[in-house]
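Next come two complexes built around chain A: one with chain B, the other with chain C.
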Partner chain A sequence: MDSQKKTNFQIEAFKHRVVVDPKYADKTWKILEHAIHEIYNQNAGELSFEELYRNAYNMVLHKFGEKLYSGLVATMTAHLKEISKSVEAAQGGSFLEVLNGKWNDHNKALRTIRDILMYMDRTFIPSTRKIPVHDLGLNLWRDNVIHANNIQTRLLNTLLELILMERTGEVINRGLMRNIVKMLVDLGSSVYQEDFEKPFLEVSADFYRVESQRFIECCDCGDYLKKAERRLNEEVERVSQYLDCSSESKITNVVDEEMIANHMQRLVHMENSGLVSMLLDDRYEDLGRMYSLFRRVVNGLNTVRDVMTSHIRETGKQLVTDPEKVKDPVEFVQRLLDEKDKYDKIISVAFNNDKTFQNALNSSFEYFLNLNTRSPEFISLFVDDKLRKGLKDVTEEDVEIVLDKVMMLFRYLQEKDVFEKYYKQHLAKRLLSGKTISDDAERSLILKLKTECGYQFTSKLEGMFMDMKTSQDTMQGFYASQGAEVGDGPALVVQVLTMGSWPTQPCPPCNLPSELSMLCERFRTYYLGTHTGRRLYWQINMGTADIKATFWKGQKHELNVSSYQMCVLLLFNNADRLTYKEIEQATQIPTTDLKRCLQSLACVKGKNVLRKEPMSKDISEDDAFLFNDKFTSKFYKVKIGTVAAQKESEPEKQETRQRVEEDRKPQIEAAIVRIMKSRRVLEHNSVITEVTKQLQPRFLANPVEIKKRIESLIERDFLERDNTDRKSYRYLA
Partner chain B sequence: MKDRIRFNVGGKIFETTSTTLANAGRDTFFGAMFDDDWNLYSNYSGEYFIDRNPNCFGVLLDLLRTGELCIPPNVSEKLLYREAQFYGLTDHVRAAKWGPIDGNRLSLSRSIAGRAPGDGTAIRGGPDGGCCVAHGCMVHVYDWILDEHPPITLDYQIVNDVGWIDPENIVVSACERLGRGDGGMGLFNAENGELRHKFQISHENQIKSFTAGALSFSSSDSHIFSSCKGRSNEYGIGVWDSVTGKQIDFFYEPIGWSLGDADKLQWLNGSSCLLVATLFPRKDNCYISLLDLRVKRMVWSWSDIGAPVTVDGRRVRDAIAMEENGSICVVNEYEDLGFMDLRGSVGGGVRWSSRSRSRLMKGKMPDYEPCYPKLALHNGQLFSSMNDCISVFCGPDWMLTSRFRRSDGGSICDFSIGGDRLFALHSEENVFDVWETPPSQITL
Partner chain C sequence: MRKEDTVKLISAEGFEFVVDKKAAMISQTIRNMLTSPGSFAETEHGEVTFPEISTTILEKICQYFYWSLQYSSGKETECTKNRHVLPRVPGDQNYHCS
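What follows is the complex of A and B.
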């Protein structure tokens, strides 16, 4: 190490002695200054890199770094001032091109200068914390050229003018724009923002404010949105073509604000072309555009959603309350389903399956469907219609689709227990009259109800199916046990229904024709013999019969009638003319039922197998009835229905309602007891809230009714009022 | 061959290829010379003349060819370094001399004897392999070839801490002289020791004199942090911008919490927080906290006030935050390592690791004056100095993997890692050692 130090010392001493020439620094700088001039004059090819690098190195080494640096600043500034003059002198359209050309020249010169001064850049500049050569070159360019008085505004105006030209449809030199913008970005993001972006955004806002005003005066909503979308795409493309990518969100915000946010309400509510008419005409493309544009602005989608919701509610309300439209239950429900399909499609095609829109749709349906208290009945009737005949020629999958849609409506119902009641009635009729088309479809729907509402909801419905099945087996067993004894007589089919599972009403007994009553007696003996401890009640009113009848000229028909009608008709085997009183006495059929069955036998055109004297629409107790020998029909089989409204009549409706209310009482009480048992003491309002919540899946409990139930429970010592707080109840174990 | 290049360096002919020269990189003499932008020699087919020392050129050309530095006896090392500086190849030379630091592969490179009397205060490794050593009122500066530069003093006040902002700039913090209204911090040129800037504290628009203690720097936003003690109530942590030199913030210490006296500051890049540790024996108790200066809040704190005193009175002597592990490592005077969880806002107890303790019970105390242990963290390795040796701990459980010492140094009063070198300052002899990891060798 000692020897090294020695050598170093000698060399250092030698070098230092060389620099005694006081003009050394000036001479060296002259060489470098000349080189910088030559570089700017693009004569660099004549220079020796090695010599220049070595000279710059020597200046720094001999502590003339400061002189070198300040010389560089002065020389470069002088050149840039020259450049600035020639840019200023550029005529009209060539301004940007000249500027761009000079910028490229400067950049090239800057790189070359930096190469010669590399040693200074690496050692002198960091230790004196000066600006590195490259950054210095950019700063000087910014201060002497871009910020020169006659250039700064001219540059900005030229850029903005070109963009305006492009916006009005002219073609501009995008490559040149790209280079100039890139220059501003290279000079630092603050230069780009202050000298271009900020004014650009302001001018754009003005432009779009005026344009949007013009558009909205003369275009309909759809066209306006198309134009706005095109502008938005243009701006995005402009940024990608020649602006800095940081500007994209800023300029699109300007377009969003000026073209959409500021006109949102007017667009949505535009007469004959706004949102409502788009919805009415299913204009998916326009709706989709509105969605994607409004999504961009604050409260945009809320606005669309609110208008859609109130429109659906309004039209829905009309659908369910218009007396014309509620006449036919099947059409009523079909209309609702169509409406739902329509909006489902709009949401999936145009609204990107937006969850918030789906929720709004659901809540709207829930709102108006429950405006009509008959909705549960109508939905059940719709199902009844579909399962009776509607699904005759459709595949299993389509059946599923229809049933799923029905279930969707069912979900909107608040009074699910009312639906259950009707469904039970309608199902009973279908099963007993053998009118149900597909067992699979029936069971599938019950399964859906089960998943929706739980086992309890459907256990009785399933019981009904079970009864049908066991009855078949019972009948087989019955005929097997009777053997030939009953071979010639009428065929009896008995359905044994479990009481409670079926919507049956007590039925006063009537006189059956003797051959039948014998058969019935045999069945009763057989059934009670195999099932001890049971009781059988005959529900004649629910039965049907097929009877063969011979008319004038030996014309034969098979008549499909109710059991009551059968009883009446069989009387005419032994008499041609019978008075009302005689029939009533012979059959013992209850008055209302008898009248109804006589009406359908004698007063319906094409089905009148009896003649009435005197001829009139209604049955009176003084009427007489004759066998109508002249009866003709082109069908062999004739079905004689009972005159009865498919839809419930007003008193029937009242009755059903009453039964529903009656059924709700124990459910409400059970809920109260369940809640009180777990909470012990609870305040009145909380009881109401909790009970309502617990019963929600089945029906909407009436607070007045809940209060009545609480009082009844207090009377029966399930609960008591709290002694200190009279508003609270206490559970009594 | 197309890419063959012929140099005449100081009269001696060298031939090489542009591929070899490309190893130098763009920001070098060769990179500039043969770059497309510089078309000086574009159509030149003869030789390129360079007016430099041919012997050194040969060595450096070999360095570009092989990546290895072989200095023949007839070439002065120092001259070679200067020539490397000329060509812009200093980084290449450094990389050929030593590799990235690895605590388990350290070898002693040099020992430098200092002239200063008395105990050393601090040693700090610079970013490029140089270092500076503070003794009393002096700071001695060494560059990466360990040549000494003019020393730094801040009016001969007692120096508390030093630190490198970059390879060219050093910050010194000093004690205020009683009655003189001075002290403070200065920014110095590492090359010539000139004072470049004095950092000041103004309190209610009045410039106050203060004693600056421990220093730390954040490289991402060029902030300087220092613990400060003023004469009135300006106790706390000062923050300055190292570019403008202006004071930008001051965090006043909360009552009962010693920040102005801190022994150690550590800027945490990940969480943008400052670790402040004030330790025994400067104060009777130890205080460690994390400050979030953006919200002016102490976000984590621990102190041993009220903790049961152990029989032998062991106290925390140094602390270092390990962000990747979410913990703080502390060390006591027996070189037991302890760990604290950084999650949550209050430090729980210290989990002392028993491993180092049992090991030390067996050893005997050295016969020279002991020094308090210090900690450093580098690339997931934990370094701890104790007496005359430095231990290295690695892995998730901080296993002791290496220990190195120089035979005749005496206790290590401070050590530092910088520029991929480890510098250890010995208190008695005023010697510092330079440890390096050899570069990975080319297998033959």
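What follows is the complex of A and C.
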């Protein structure tokens, strides 16, 4: 290098190569166009990415972006038209495959082109707000191929045909379906919906309409539901396999609509296989299926529930009004409990413990249970039976279960005060005859009643228990005080009952045999000595006695009889033969009781310690009675005519009813006064509503009765009619 | 460095720079080139020619690749430790300086 030559060193500005060639744009475009052709022909191996990228870059840079873009559009469109033709030309079965193949190729080409034209995509397109290359490619595909005249309908028909084939049981190429559907989805959700989904749903609706009609003609309800369920699952699977998941809810709606909603009524009411027969036969699986299918449609469950409710009410009504069933109260209540159990099980197993169904069941039971006015009595008798002997060998938990079930029935009663009355009567009999199995069970039930109805309800019942206990203590005290004098006489057990707590019974006088009357007097003195200011009344009609009797050949038996019967029998200690009139006079027992008493002593086979002349079933006033020497029995102890709780006879029932009505009057009045006191002035109808609401836990108040009570209160100056408004009442302090 | 992990970048003057693929991928353009579905010549031979980029520029670019790899990951990576940028002078090219 010669350092002597001095050259001016100029640093020139860094310049881009300036375009001088006017045809530059065209030339560059030709290169790119050629490249696109090659790409579409799968022939890009010869090209240089870098060169193409550089050319595209330069075009955009030199403001030829527009030419590039429009050129791209034109070239692609041309290619797609060709592709479209080749797809159209595809024969029958291979149509979809060809379409799928071409679509894949197009996608690949599109990606490549997009990569080359990346610079344009990033700079030119956003600034001119044109469609990006990728989306452009999809749109062009859609417009030129999918929406081409011959292809659009053919594609749709092919797809629908394949689905129909699958529905009728053939196997189709699911992978291919999936790809085609995915193509439609990629082209845009509107394409998928318009070109495929809408017609698909329509065709499916038609298909299922026809099929459901066919099924319902030939299948019974259970089978139809199975088929419907199967179709539903099938459609869900279809969607997951090769349709877009947005279609799932739409197609299941279609199936629900056509197969279930349209035939709801017919299915439920189908003879011999509809809901009613399913309920009767406890077909849990069918019921469960019906529940899950009907839950999907509007009003489905309402229909099921309504039919079930009316069925339960019908059967319940038949049950309570059937004279046969009503004969045995215990059986009657047991049947009710069984029905309740059955439906509880159905609801929990098949109906998913649905609350609305539970409520429907409860309201139905309440409805028909109160149709029979003797229900409170029967329930009390049922409990009585259980507490006497039914719960003998039952474990404690089971006892609780039975009592809980009884409580459930109790809750359905509208006239709870009637139940209270009967229960008191039966409890009294149980306690006095000592026939209750388990004290714990009794107390447990009382506790449940207390929780349910409040203290008022059970205070008297608890009083009865207290009396029994106190009496035991009193007896101990009595014998302790009397000492040896009464030691070898008859043993006396007295129960002292507080009059208010126990069911009131008239206590007619009765002549006790002399051995006993002395003992009773002694007790009376003792008791009044310790409790001054009280009065004692003997209730012989409620007592029992154990007597030892010697028969022919020295046969000894111990007889367990009522006190009345004891009085009668002891007369025969002094005489062998007595007429009815003589017995009546000696004992002073009232007529009906005496007749019943003698009947059980003389006319019952196996228990006839007395002989009657003449031998007949009924007792008449001219009969005579003899001591039956020839009485025999297998057992040493013989029970005669225990005072068990019986279903009341007609006149007794009337009497109880009347007493209940009488008891209700003061309760109604108390309710009226309570309400008026707080409200001061109230309209007649409002009074009725409020009173009914307040008394609802006890009984259903009769509006006529309430009106009568209001009149009575007005008479007694508790209320007055309002001066201005004749229908309102005012409280008088 | 294995052959499959590398790619050759050739400048306008013909200088060939062999760099890691990972390094070259820093450039979006090169990445698109190499991962494009269309089978271009570049992917076939593993060579990318830049007729409009001079050697000095390309060299700087390659250095940038490695610098970017090293510092964007936050620690010194294997390949930046062993980096060689191998300019090879092909026989028929002359490097003039005047």
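Rule of thumb we're sticking to: the second predicted complex is superposed on the first by the 712 of 733 C-alpha atoms of A that agree within 3 Å, B and C clash if a C-alpha of one lies under 4 Å from a C-alpha of the other, contacts with A are read in each partner's own complex, and residues count from 1 in each chain.
We take it that contacts are C-beta pairs under 8 Å (C-beta built on N, C-alpha and C of every residue); 3 or more make two chains touch, one makes a residue touch a chain.
Note that the structure is predicted; figures quoted are calculated from it, not measured.
*Asks:* With the two structures overlaid on chain A, would chain B and chain C clash, or do they fit side by side?
*Replies:* clash
*Asks:* Which partner does A:123 contact after superposing on A: first (chain B), second (chain C), both, neither?
*Replies:* A:123 contacts chain B only, not chain C.
*Asks:* Pick one for A:190: touches chain B only (first), chain C only (second), both, or neither.
*Replies:* neither
*Asks:* Once the structures are superposed on A, label A:112 by its partner contacts, choosing first (chain B), second (chain C), both or neither.
*Replies:* After superposition on chain A, A:112 lies in contact with both partners, chain B and chain C.
*Asks:* Which chain, chain B or chain C, ends up touching more residues of chain A in the combined arrangement?
*Replies:* The partner with more contacted residues on chain A is B.
*Asks:* Determine, under the contact definition given at the top, whether A:50 touches first (chain B), second (chain C), both, or neither.
*Replies:* Both partners, chain B and chain C.
*Asks:* Return the residues of chain A at which the contacts from chain B and from chain C coincide.
*Replies:* Overlap of chain B and chain C footprints on chain A: residues 44-45, 47-51, 53-54, 108, 111-112, 115-116, 118.
*Asks:* What does chain C use to touch chain A in their complex?
*Replies:* Contact set of chain C toward chain A: 28-29, 32-33, 36-44, 48-52.
*Asks:* Hey, which residues of chain A end up touching chain B in the complex?
*Replies:* 4-5, 7-8, 11, 44-45, 47-51, 53-54, 57, 108, 111-112, 115-116, 118-119, 122-123, 126-127, 129
*Asks:* Which residues, counting only chain B, touch chain A once they are in their complex?
*Replies:* Listed in rising order, the residues of chain B that touch chain A are 27-29, 32-33, 35, 37-42, 48-52, 76-79, 85-86, 88, 166-169, 189-191, 196, 243.
*Asks:* Within their complex, state which residues of chain A touch chain C.
*Replies:* Per the stated touch rule, the residues are 39, 44-51, 53-54, 108-109, 111-112, 115-116, 118.
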